[in-house]
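Next come two complexes, and both contain chain A; in the first it sits with chain B, in the second with chain C.
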Partner chain A sequence: MSILLEVDHLKISARKDDDNLTPIVKGVSFNVARGEVIALIGESGSGKTTIALAALGYTKPGLEFTGGQVRLEGEDVITMASDQLRALRGQRVAYLAQSAAATFNPALTIGEQVTESCVLHGILNQEQANERAEFLYRALELPDPDRLGKRYPHQVSGGQLQRLMAATALCGKPDLLVLDEPTTALDVTTQIEVLKAFKSVIKQEGSAAIYVTHDLSVVAQIADHIVVLYAGEVQEHGSAEQVVSHPGHDYTRRLMHAVRPPPGAGQGEETSSEHHREAPALEVKDIVAGYGKTQNGIPSITVLRDVNVSIERGHTVGVIGESGCGKSTLARVMAGLLPAAQGKVLLDGETLKPALQRRSRGELQKVQFVFQMADTALNPRQRIDHILGRPLEFYLGLKGKEKRRRIGELLQMVELPQEFAGRYPEELSGGQKQRVNLARALAASPEVLLCDEVISALDSIVGANVIELLKRLRKQTGVSFVFISHDLSTVASFADEIVVLYAGRVVEKGATDAVLSPPYHPYTRLLISSVPELRVGWLEETMQTQEAQAGIDRVVTLTDTGCPFFDRCPLAIKDTCDRETAPARQLGAGHTIECHRSEAEFVH
Partner chain B sequence: MLWRALLSRLGISLVTLWVVSVLIFIGTNLLPGDVAQIILGQMATPESTAALRAKLGLDKPPYLQYVVWLQNVAMGDLGISKAGLGAGLGTPIVEILEPRIFNTLRLTGLVTVIVIPISLFLGLIAAMHPGTRLDRAVTFSTLSLISVPDFLVATMLVLIFAVFLGWFPAIVYLRGDETGWVLIKTLAMPILTLVIVASSQIIRMTRATVLNVMSSPYIEMAILKGVPRKRIILRHALFNAVGPIVNVIALNLAWLVGGVVVVEQIFSYPGLAKLMVEGVLMRDLPLVQACAMIFCVTYIVLIFIADMATILSNPRLRHPK
Partner chain C sequence: MSDTPTPQNTNSAIQFDELPDAPPKRKIKLSLLGKIGVVVLIFWAIVVAIGPMIAPYHEADILDEELFIVPGSDEMYPDTDFQPPSKIVLLGSDYLGRDTLSRILFGARTTIGISFIATTLAYLLGVLLGIAAAVGSKRLDMILSRLNDALLSIPSIMFALVMIAALGSTIPLLILLTGIIYATSVFRIARSLGQEVMVSDFVEAARVRGEGLWWIITREILPNIAMPLATDFGLRFVWVILFISALSFLGLGVQPPMSDWGSMVKENLPGLIYGSVAPIMPALAIATLTISVNMIVDDISAHTGGKLAKRMIA
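Entry: the complex of A and B
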C-alpha cells in the first residue's frame, strides 16, 4: 500500500495571552496508507483532535504549528497558501466533527450542505452532486433519500445527522477522511448503526481515514492501526489486533483496564443491608410528568407515564435508557425541580410537596442533586470553600471554625487535597471539578443523591476513579443513590437495582443481576447487545442478530395506547402490542417486566 | 405554527396600539391648561371659556371624550386642530399633517436608502477581518459617533459644510417643488446627520452578530469544507444573523420617523417630530394625540415587520418537524 499522509515530527503549540508558547503536540509521527483506517486514541488533552485537524492544515484559534511537516502525497500542507488549502479541504481531505447537531448550519437545507463542497470545488455540477448525495443517503441507509436533501437539519434525528455528515464528507470522494469522535455523543443503539454505516462506506469508497476517539471498544471495531497518545506524545503504535490483544505500553494497559466488560450479571458488589430501615429512603408512586400546559392531570408533552420506583436506604438504583426516554425528567421530579402532574414523591414514607419551593429546608437537605456538567454547575466566580460552605451554613448552620473543619473533611472524602479550598473551579481539571460537585451535594448530609450522568463527560480513566469514589462513599455514609446513565457497563458495576425506561415507561425493573441476565425485556436485550465489546470483529457479529436488525436507530415514539416499543421490537405481536398496554409480569423478588410475551418466550 | 406566530404577533400589536392610545389620551389630558384658554387668551372670561369648551366638546367627561376621539381616529378623522398652527382655527388635523408626513417620509426614505447598504457593508467588512486596522477604524469611529449626541453631530456638520466650505445651506428651506439634485442639495445636511447617527448602531450590531455567528461550529465546519470566505459570510453567517440586524434597522427607521426632534429643529425641517413639538407648545391636544398615534403605529408596524423577518429566517418555524 502506498503512503497517503505522513505526519512527521509534528509540533503544535498554544499561544497564551502573554505570548508564551505552550506545547500541545510534541513531535508526533505516523503514516496513513491508502485505504487504511488509523485510530488516534487518548484522553482529553492528549492532542488527538489537534493532530487530526493538522491533516487539513488547520489549527483551532489560539494554536499554531511550531515544527515538523504533514505531507499529503509528499506535499506539506502546513506551509500551503490559503487557496491551495481551500482546494484541499473537502476535496482531498474531509472532516467529520463530533457533534453533527452543532456543525450543520440550521439555516440551510441538508442537501445544500452535503453537496456544497464538491460543487464549489468544481468536482461535480449541482445535478451530479445531488445524484451522488442521494446515492450516499441510500448507502448510509438514511430514510426517504429522494426528499432528504430538501429538509433542514432540525427535521432529522441526531443519529441521522451524524450519518449525513459522513455523506457531506464523502460527497467529493476524498482520499482521506478525518473522523473526530463521530459516535461519542450517541446512544449505544445509534452508535452501532452509525459505526456500521461508516465502516461499510469507507470500505466501499476505498478512502483512508483518521479516526479520533477515546473509546477503545469502538476503535477495535473500525481501525487497522492504532496510535495511542498521551499529553501530545505517541505512547504506542501498532496494528489494532496487536494493541488490543497485547498492549505493549503501560498507559495503553491503563486505558484497557478502564474499559468495563460488557454489562452482565454479577459485576456489582454485594448489596449491603446494614443501613436498612422499614420505609424506603425515596419512593415515587404513579408519576405522570412532562412539560407544557397540564389539562386533567396530563401535561401536553408527557414524558413520564405511571412510573413507580422505590429506593431502599443505602441502595443504588440505576436508571437506564436511550436519550429522550425520561431519565433526567425522573430525577427532576424526585428533586422537585419539575412538579409531577400526577402521583406522589415520598421521602422516608412521608409525602413530599411536588414543587421544590414548597418543601421544607429539612426535606430539601435530604435529597441532593449532582448535575452532569460540573463546569456549569459550579459558579466560576466562587472559591471551592465558598461553594462547599454554602450548604453547610444553609442546612446545618455551621459557621467559622466548625465550617472550615467540615470543608476539610469533605475534600478528604472526595480525595482532594486540602489546599483546593482556596482555588477557583477553573483551576481544576474536569475530574476534580466533578469531585467538588459531588462534595457540594454531600455537604448537605443528604439521604438520597440524584446523580445525573455524572461521569458521562469524563474520560474513561477519570470516570472509573469517580465510580470507585462513589462506591466508597456509599459504604461510608449509607447514602442512597439514584444513578442515571446511558452507560450500561457503569450501571452494571455500581447499581443494586436497575430501572429500564423506554418512552417514559418503566419496561423492566429489578435487582441488577436479574435485569442483566435472561429473561430480558426485548428492549433491555437490545440495549445490552448494543454495548461495544473490546474485541475485533464484534460489530459484524452483532449486526447479524435479530435485535439489531429490528430495533436500531428508530425514532422513539410516545404512544398513548399499547407498548411504545412496539415498532422496534423483534417479538412484537401485531394488533396486541400496538393496542393494549402491556401487563407487568412478576418474575420473582421485585423483578418485573412489562410485556405481552410470557416468561418462556423471553428466553432465547 | 407559522400562521399562529403571525396572528399572535398581530394580536399583540393591536393590543399595544390600544394601550398606547389610552396612555396618550390620559397623558395629554394631564397637561395643564386647555385649548379654550389658549384660544381666548386675554379675552378669557369664565363665561366665554365655558361656552368655547362646550363647543369643542371639552365639557364632557374624559372617558366620553376618549371614545369619541378613538371612533373618529378609527375612521380616519383625526379631528379639528384646536389652535390652528398657522392654518387658522378649525383646520382639520389631516390637512396639517399631510405635508409634514410627506416631508418626513421623504427624508426617512432618502436616509434609509443610504444607511442600509452602507451599514451592512461596513459591518460585514469589519466582521470579516476582526482585529485588523480596518475593523478597529470602523469600531472606533462608530463608537465615538454613538457617544456623541445628534445635535452635536449636526452642529459640527453645519460648521464644516455650511460655514467653512459653504457647500450646503445650514437650514432647510423647502419651497415644495424641488426635485433631483436641488432637492438632494437642500436636504444634504439633515440626511448626512441622520445617516451618521443611524448607521453607527446598525454597523455595530451587524458586526457583533456576524462575529458571534462566525465563532459557531458550523462556520468552522464550512472552513474545513474549503468554502471560500466570502461565501461563508454571505451564505452561512448572514442567514443566521438576520434577526438582530433587522430589529436594529427597524428601531432606527422608527426613530427616523418620530424621534428626530432635535435634528428637525436644528435644520428647521418641517417634519412630523417638529410638528408635535409645536402642538405641545400650543397645547393643541388633538394634534399631539394624532402625532403620537402616528409614531406609535410606525413603531409597531416596523417592529412587526422585523419580528416577521426573524421568524421567517428561522427554518425551525418555517418548516416544523
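Entry: the complex of A and C
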C-alpha cells in the first residue's frame, strides 16, 4: 500500500493572551496508507481533533503550527497558500463533523447540499454529481435513494443525516476522509447502523480515513491502525487487533478500563438495605404527559402513557431508551417542570402538586434535578461559591461562616479543590463542571436525585470518574437516584432497578439482574445487543442477528394504539401487536414485561 | 484539560477555612484602545462639568468686527463669519461669527446631557418592559409587543414633530420623547435577549429550586444580558445624538441661541465651501465621544468571555 498522508513530527501550540506558546501537539508522527482507516483515540484535551484538522492544513483560531510537516502525497499542506488549500479541502481531503444536524442547512434540499461542494470544485457537473450522490445513498443503505435528494434535512432521522454527511464528504471522491467523533452523539442502535455504513463505503471507495474518537470499542470495529494519544503525544501506535488485545501502554489500559463491560447481570452494586422504609421515596402512578394543548386529560402530543415507576429509599432506578422515548420527559414530570396531564407523583407517599410552582419549598428540596449539560446548567456569571451557596441559603437557611464551611465540604465531596470556590464555570473543564452541577443538587440535602444523562456529554475516562463519584455519594448519603441514560452499560453498572422506556411506555422493568438476563423484552434485547463490544469483528456478527436486522435504522414513533415497538420487532404478531395494547406479564418479583408474546416465546 | 482532580491532601483534617474568604474579583484589563477611550471620555466629562467656565466667550456672543482688524490693514469692516482658527478664535468662527470653541464647550452640556438622560430613560423603559415580556405570560408578551410594534411603525421624526408642535419645544419634552422613541428598539433587544436566557438550563435549574421571578430576573437573567445591552447602549447613545441634532436642524430641538453639536454641524455646512473648520470641529467632537464610548464597551465585552461578539454577529 502506498503512503497517502505522512504526519511528521507535527507540533502545534496555542498562543495565549500574554503571547506565550503552550504546546498542544508535541511532535506526533504517523502515516496513513491508501484505503486504510487510522483511528486517533484519547480523552478530551489529548489533541486528537487538532491533529486530524492539521490534515486539512487547518488549525482552530488561537492555535498555530510550530514545527513538523503534514505531507499529502509528498506535499506539505501546512505551508500551502490559501488558494491551494481551498482546492485541497473538500476535494482531496474531506471533513466530517460530529453533529450532522448542525451542519445541514434546513432550507436547502439534501441533494443540493450533498452535491454542492464537488460541483463547486468543478470535479463533476450537476448531473454527474446527482448520479454519484444517488450511488452513495445506495452504498450507505439509505432509504428511498431515488428521491432522497429532493427531501429536506428535517425529514430524515439523525442517523441518516450522519450518513448523508458521509455522502457529502465522499461525493467528490476525496483521497482522505477525516471523521471527527461521527457517532458519539448517537443512540447505540443508530451508532451501529452508521458504523456499518461507514465501514462498507470506505472499503468500497478505497479512500483512506482518519477516525477521531474517544470510544475504544467503536474504534475496534472500524480501524485498521490505532494511534493512542495523551496530552499531545503518541502513547501507542499499532494495528487495531494488537492495541485492543495486547495494549502495550498504561494509558491504553486505562482507556480500556474506562470502557464499560457489555451490560449483563450481576454488575449492579447492591445497595445496603438500611435506608429501607415503607413508602417509596418517589413514585409516579399512571402518568400521562406530553406537550401542546391538553384536552380531556390527553395532551396533543402525548409522550408518556400510563407510566408507573417507584423508587425505593436509597435505591437507584435506571431509565433507559433511545432518544425520543420520553426519558427526559419522565424526569421533568417528577421534578414538576412539566405538569402531568393525568396521574400522580408521590413523595414519601404524599401526593405532590403536578406543577412545581405549587409545591412547597420542603418538597422541592427533597427532589433535586441534575441537568444533562453542565455547560449550560451553571450560570456563567456566577462564581462556584455563589452557585453552591444559593441552595444552602434557600433551603437550609445557612449564612456566613456556616455556609462557607458547607461549600467547602461539598467541594470536597465531589473531589474538587477548595480554591474552585472563587472560580467561574468557564474556568472549569467539562468533567469539573459536571461535578459542580452535582454538588449544587447535593447542597439541598435531597432525598431523590434526578440525573438526566449526566455523563453522556463527557468522554469515557471522565465519565467513568463521575460514575465512581456517584457510587461513593450513594453510599455516603443514602440518596435515591433516578439515573437516566441511553447508555445501557453505564446504567447496568450503577442501577439497582431498570426501567426500559420505549415511545413513552414502560416495556420492561425490574431488578437490574432480571432485566439484563433472559427472558428479554425484544426491545431490551435490541438495546443490549447494540452496545459495541471491545473486540474486532463484533460489528459484522451483530448485524447478522435478527434483532439488528429488524430493529436498527428505525425511528421511535409515538402511537396511540397497540405496541409502539411493533414496526421494529422481530417477534411482532400482525393484527395483534399493532392494534391491542400489550399486556403486562409478571415474571418473578417486580419484573414485568409488556408484550403480547408469552415468556416461552421470548428469545433466551 | 484532563479531569483527574488534583490530588489534594486527603487526610481527614481538611481545614475548611482554606476556602478563600474573598475570592479575587476578576479585573478587567483594558487594552490600549480601551484606555484611550477612557481618557477621551474623562476629557468630555470634565468639559461637561466646567466647559462654560473656561469658554473664552459666551455661546450666543457674536464677535465684534474690531477683534478681527488686522493691525496695519485699512480694512475697517472685516468678515467675522467662517474665520479660520487664530489667536482670537482658537477653532475659528461660525456662520454668524460666533466662536466655535466656546459653542463646543457650551454645547457639550446640552448634547451629552440630553442624549445621556434620554438614552438612560430609553433603557429603563425598554429593559423593564422587555424583560417583563420575556418572563411574563404569553398574553402580557403579546400586549406589550404589539403596542411596541405600533409605536415602532410611526416614523420617529414625524412622531416627534407632532408632539413638539402640540406641546412646544422644551428640553424635558425632548428628553421624554427621545426616551420613548428609542425605548421601542431597546424593548425588542431586551426581550429577545431575555427570552434566550429564560430557556437556558440554569434558569430552569433556578425554577426547579423554587426561586421567585424577581430573583430569576435580577440574578440569573440580567447579569447575562448586561454586556450586550451595554454595547447597545453605546450605539444607541450615538443614534440619540444624531436624532436630537436632526430635530434641532428642523428647529424643533435645542432652540437657538443655545448650542448643541449636531445643529452646529448642520448650520455650518455651507462653510465647507470656504474651507472653514466650523462644521468639522463639532463633528469631531461627536466622533471622539461616540467612538470612545464604543471602544470601551468593545474592550469590556472582549474581556468578559468574548462570546458577546459572536452573539452580536449571529
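Methods note: the second predicted complex is superposed on the first by the 598 of 604 C-alpha atoms of A that agree within 3 Å, B and C clash if a C-alpha of one lies under 4 Å from a C-alpha of the other, contacts with A are read in each partner's own complex, and residues count from 1 in each chain.
We take it that a contact is a pair of C-beta atoms (placed from the backbone, for glycine too) under 8 Å apart; a residue touches a chain by one contact, two chains touch by 3 or more.
Owing to the predicted nature of the structure, the values given are computational and were not obtained by experimental measurement.
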item	value
Room on chain A for both chain B and chain C (clash or fit)	clash
First (chain B), second (chain C), both or neither touched by A:88	first
When both partners are placed on the shared chain, which of chain B and chain C touches more of chain A	C
Which superposed partner A:102 touches (first chain B, second chain C, both, neither)	first
Touching partner for A:56 - first (chain B), second (chain C), both, neither	first
Which of chain B and chain C A:347 touches, first, second, both or neither	neither
Which of chain B and chain C A:117 touches, first, second, both or neither	first
Contacts of A:364 with chain B and chain C, given as first, second, both or neither	second
Touched partner set for A:152, first chain B, second chain C, both or neither	first
Partner chain(s) touched by A:500 [first = chain B, second = chain C, both, neither]	neither
Chain C-contacting residues of chain A that also contact chain B	none
Parts of chain A lying in touch with chain B, wherever the complex brings them together	53, 56, 58, 85-91, 94-95, 97, 99, 102-108, 116-117, 120-121, 151-152, 154-155, 168
Residue ranges of chain C touching chain A (in the complex, touch as defined)	1-6, 8, 14, 16, 18-21, 23-24, 26, 200-202, 204-205, 207-211, 219-220, 223-224, 305
Residues on chain B engaged by chain A in the complex (per definition of touch)	216-218, 220-228, 231, 235-236, 239-240, 313-316, 319, 321
Residues of chain A that touch chain C when the two form their complex	43-45, 231, 335-337, 356, 359, 361, 364, 368-369, 371-373, 376-383, 385, 390-391, 394-395, 404-405, 407-409, 411-412, 415-419, 421-424, 426, 429-432, 435, 440, 444, 458, 461-462, 465
